[in-house]
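Order of writing sets the chain letters: A, B, C and D. Residues in each chain are counted from 1.
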Amino acid sequence: MKTILAFREEEYAWVHETFPCVHPLLLPLCNKPFIEFLIDFAILAGSSGVRILCDGGLDALEQYCEDGSRWGIDLSYASIHPDDSIHTMLGKNRKFCGEERVMIVSGFNFIRYDKRLDYKNLATSRPTGEWAACPGGRITLTGVPAKTALDWTLAELSLMPLDSMASFYRASMEALETGATRYVLPGYGDEPGCAFGRNVVISKSVEIRKPVSIGNNVQLLANTIIGPSAIIGSNVIIDRQSSVESSIVFDNTYIGEHLKVDGRIASGNRLNDPKSGASIAMEDPHLLSGIKKKWDIRSLPRKIVHAVAALGLIAVFFIPFIILWPLLKLGGHWKSTRADFLSERTDATLPLGKVEVDSSSAQAAIAIALSLDRYLWLFRVLTGQLALIGSSPLLAEKTRPDLLLGALTYRPGVFSYAEAEDWPATGGDATIVERFHLAHSNPLSDISLVIKAFINRLQEKSAI
Amino acid sequence: MSMSSIITLTLPGERLFARVATQAATSVADLVTGNARHEPAGRDFSHAFELAVSEAFTNSVTHARENATAQVVKLTFLFEQRQLTVSVHDANDPFTIETPVPDIESFPENGFGLLIIRKVMDRVIYRRDGDSNILSMSKAL
Amino acid sequence: MTISETSKIGIAILSLNGTLDALSAPEFRNNRSVIDPEKTVVVDLQQVDFIDSSGIGAIVSASRQKRQPTGGIVLSCMNDRVRKVFEITNAQKLFHIFDDTIAAVDFAATRQKSAGA
Amino acid sequence: MKFSLDNIDGQLVGIARLEGRLDSSNSKPFQKTFLEWLEKTPLLVFDCSLLEFIDTSGLGAIVGCLRKTLEKKGDLRLAGLNDKVAMVFELTQAKRLFSIFSNRGDAASSFAAEPNPETT
């Protein structure tokens, strides 16, 4: 059997406005992208091939789903016009459909199904025509049934239109509550109603109230209360004393201290009320918190501590540097490219030499293990241009919109907090951990994080 | 693989040579993707360079100054830090890469070139060096 | 690029083969069936391995010359690489795109009939 | 921003109408203006029906106002919060610190039902 999933841009236009950072078809429902629920159902119904039709762009979706080999099916894509009838859609995909039975799932709807039921038998035996429908679309079967009809009243199947933030919220909560018994949901958990991703750090005093679903790389800090009914995405930090209840927290979100998130959808710096539809963009670098920005006062002792520690490192690594650097340089294994990086002050750039060491030789491996590629940057700490530890320096041509909001989100350092925490050093993951430390670190914790970063780099390189 | 030396290719500034330019681009892209060239990501990578070079070369040829003698288009390829950069040099009048996206509903015939380049590449930099234009296009592996 | 032309139930089918870029675009642009505003044309892109913005531009401008801009040119059998370029430029919005040439011809014939009626 | 004094059952109640945005760009001058209001009476109402947006520093400013009012044995009550502003108060649990009314009239008359505060 073949399945066609057909969407029109207009059906999910609201997602573009409310959650602009995600392709609507990848909108996470209980930490699983929307489209995967449909692909799962198509497979459950016995499809060997699935084609996604849309009158809008599918680029991000294609990058995520690729050719479907991850699910063991053939996944392909095609475009349609908004007013195409089912007949036209079948014509446009005649080669794909072949002579087989075709299930057409149209509309931006959440399908309620139960993975334990035998939809395969049903899909082949049901008479041609509509299988399920709702105001937002329908599931239709074409072609002659292979067998006589079974008692198909047993299999539950219904559609729920995802036409607003409110319905999205309801569908997410439903998926969370019915949980892994009906759908294939991500995460691991010893008990039902509790799903955790990889690298979830939970402080001792955290209280978890089922049901919850938590993504990858999540930090739940002291005295937080999670749940009941909390869906927390990946790369999320819930800071001290905050609670998240009956709420959805999207990927790459930082929830500050002492906050109570109840019945809300938090996405980046945006807080939404699914019931009233109200939405507010926090102008703080991360979701509103009680943190007072007193960086101007605190920065001086920090700069002094960083400079003193940098001086220490300069002294310790002077000998290895003076021996290895000329060797590598002569051997052509030491390459330095100069580029402009963004400095802590938003209006200035900072020219830095970025060193790339070709790690083929033993000396080079030692040099990298000792972080000698960063050695020259240490002098920038003395001049106050770089912190010893902070954010990974960003190239000046990159624009980061939140950068304009103040230095709280970005402080270029020789080492980055992401390296210290051994988190993926790029993208949203790193940004979120850097933000956390930029808001919470003090000069002393900085030093211990530098040591951690140093050890991480040492271990990483010796592993190679 | 490491390929930090620069590959340079100089072609006559005529339409006919666009295929030579794009084939060079795909070959270099295939070279740096190595075994991944048969996987979807590897194929996309080399298709991106094929497209970008085709567009840039066509632009250079189309906007060539009339009567300019010995009009050539030079391509350089550099693979560094897992990022392939192709630069297209020509001696035409300066231009801008900040062109508006054409409105498809009005059936436009051109103006898509830079849009395509920006979409398929990670980074596009235009710079004027003396009398030449240099359009540098990079994409990470 | 080569263009081979056949016809079926009054619809011209142009099968393109090769690369559709700045060099080969004029050949497509000047094809007699393409120029004729009354004629509905199915363009079979199965053998097109590469298209760039000049190729897209040629097809878009051909479509503009037709009496029914979104129906005068019907496309079929584009591969993924070609489809991506259509998507980037958003040109897929202007065309009816089929994965099968016969289905495209059927569609074009019905369209022509209903437009003529 | 408008400020007016109302006499409600013999109580002098100050009603301030906040407008537009209250954020880091204007929270400091706002706090200064507030001190002038506080000198007139420690019984205050912020009519927020025209307040469109508030951020951390704006919220901090309002909480600061409340603290100063309480020091003077008065109270600061809020009225007419729109959905967005209400969401910020709820999120930060600042809601618990304030008596919140749906409109300025209710907020102002709520002072009448209470015994006179000690005058300072």
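Criterion: contacts are C-beta pairs under 8 Å (C-beta built on N, C-alpha and C of every residue); 3 or more make two chains touch, one makes a residue touch a chain.
Remember, it's a predicted structure, so these values are computed and weren't measured experimentally.
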item	value
Taking each chain's C-alpha mean as its centre, the one farthest from subunit D	C
Higher-contact pair (C-beta pairs counted), B-C versus A-D	B-C
Mean-CA-position distance for subunit D and subunit C (Å)	67
Centre distance in Å when subunit B and subunit D are each reduced to the mean of their C-alpha atoms	61
Interchain centroid distance [CA atoms averaged], subunit B/subunit C, Å	27
Centre distance in Å when subunit A and subunit D are each reduced to the mean of their C-alpha atoms	40
Sites on subunit C at which at least two other chains make contact	88, 90, 93
Overall pattern in which the protein chains touch one another (line/ring/star/complete/other)	other
Complex interface listing, subunit D residues touching subunit A	23-24, 53, 55-56, 59-60, 82-84, 87-88, 90-93
Subunit B partner contacts - residues on subunit A that touch it in the complex	66-67, 335, 337, 356, 358, 397
For the subunit B and subunit A complex, residues of the former touching the latter	2, 4, 40, 80-81, 123, 125
Residue ranges of subunit C touching subunit B (in the complex, touch as defined)	19, 21-23, 50, 52-54, 56-58, 60-61, 63-64, 69, 81, 84-85, 88-91, 93-94
Sites on subunit B touched by subunit C in the complex	15-16, 18-19, 22, 43, 47, 50-51, 54-55, 58, 61-62, 104-105, 107-110, 112-113, 115-116, 119-120
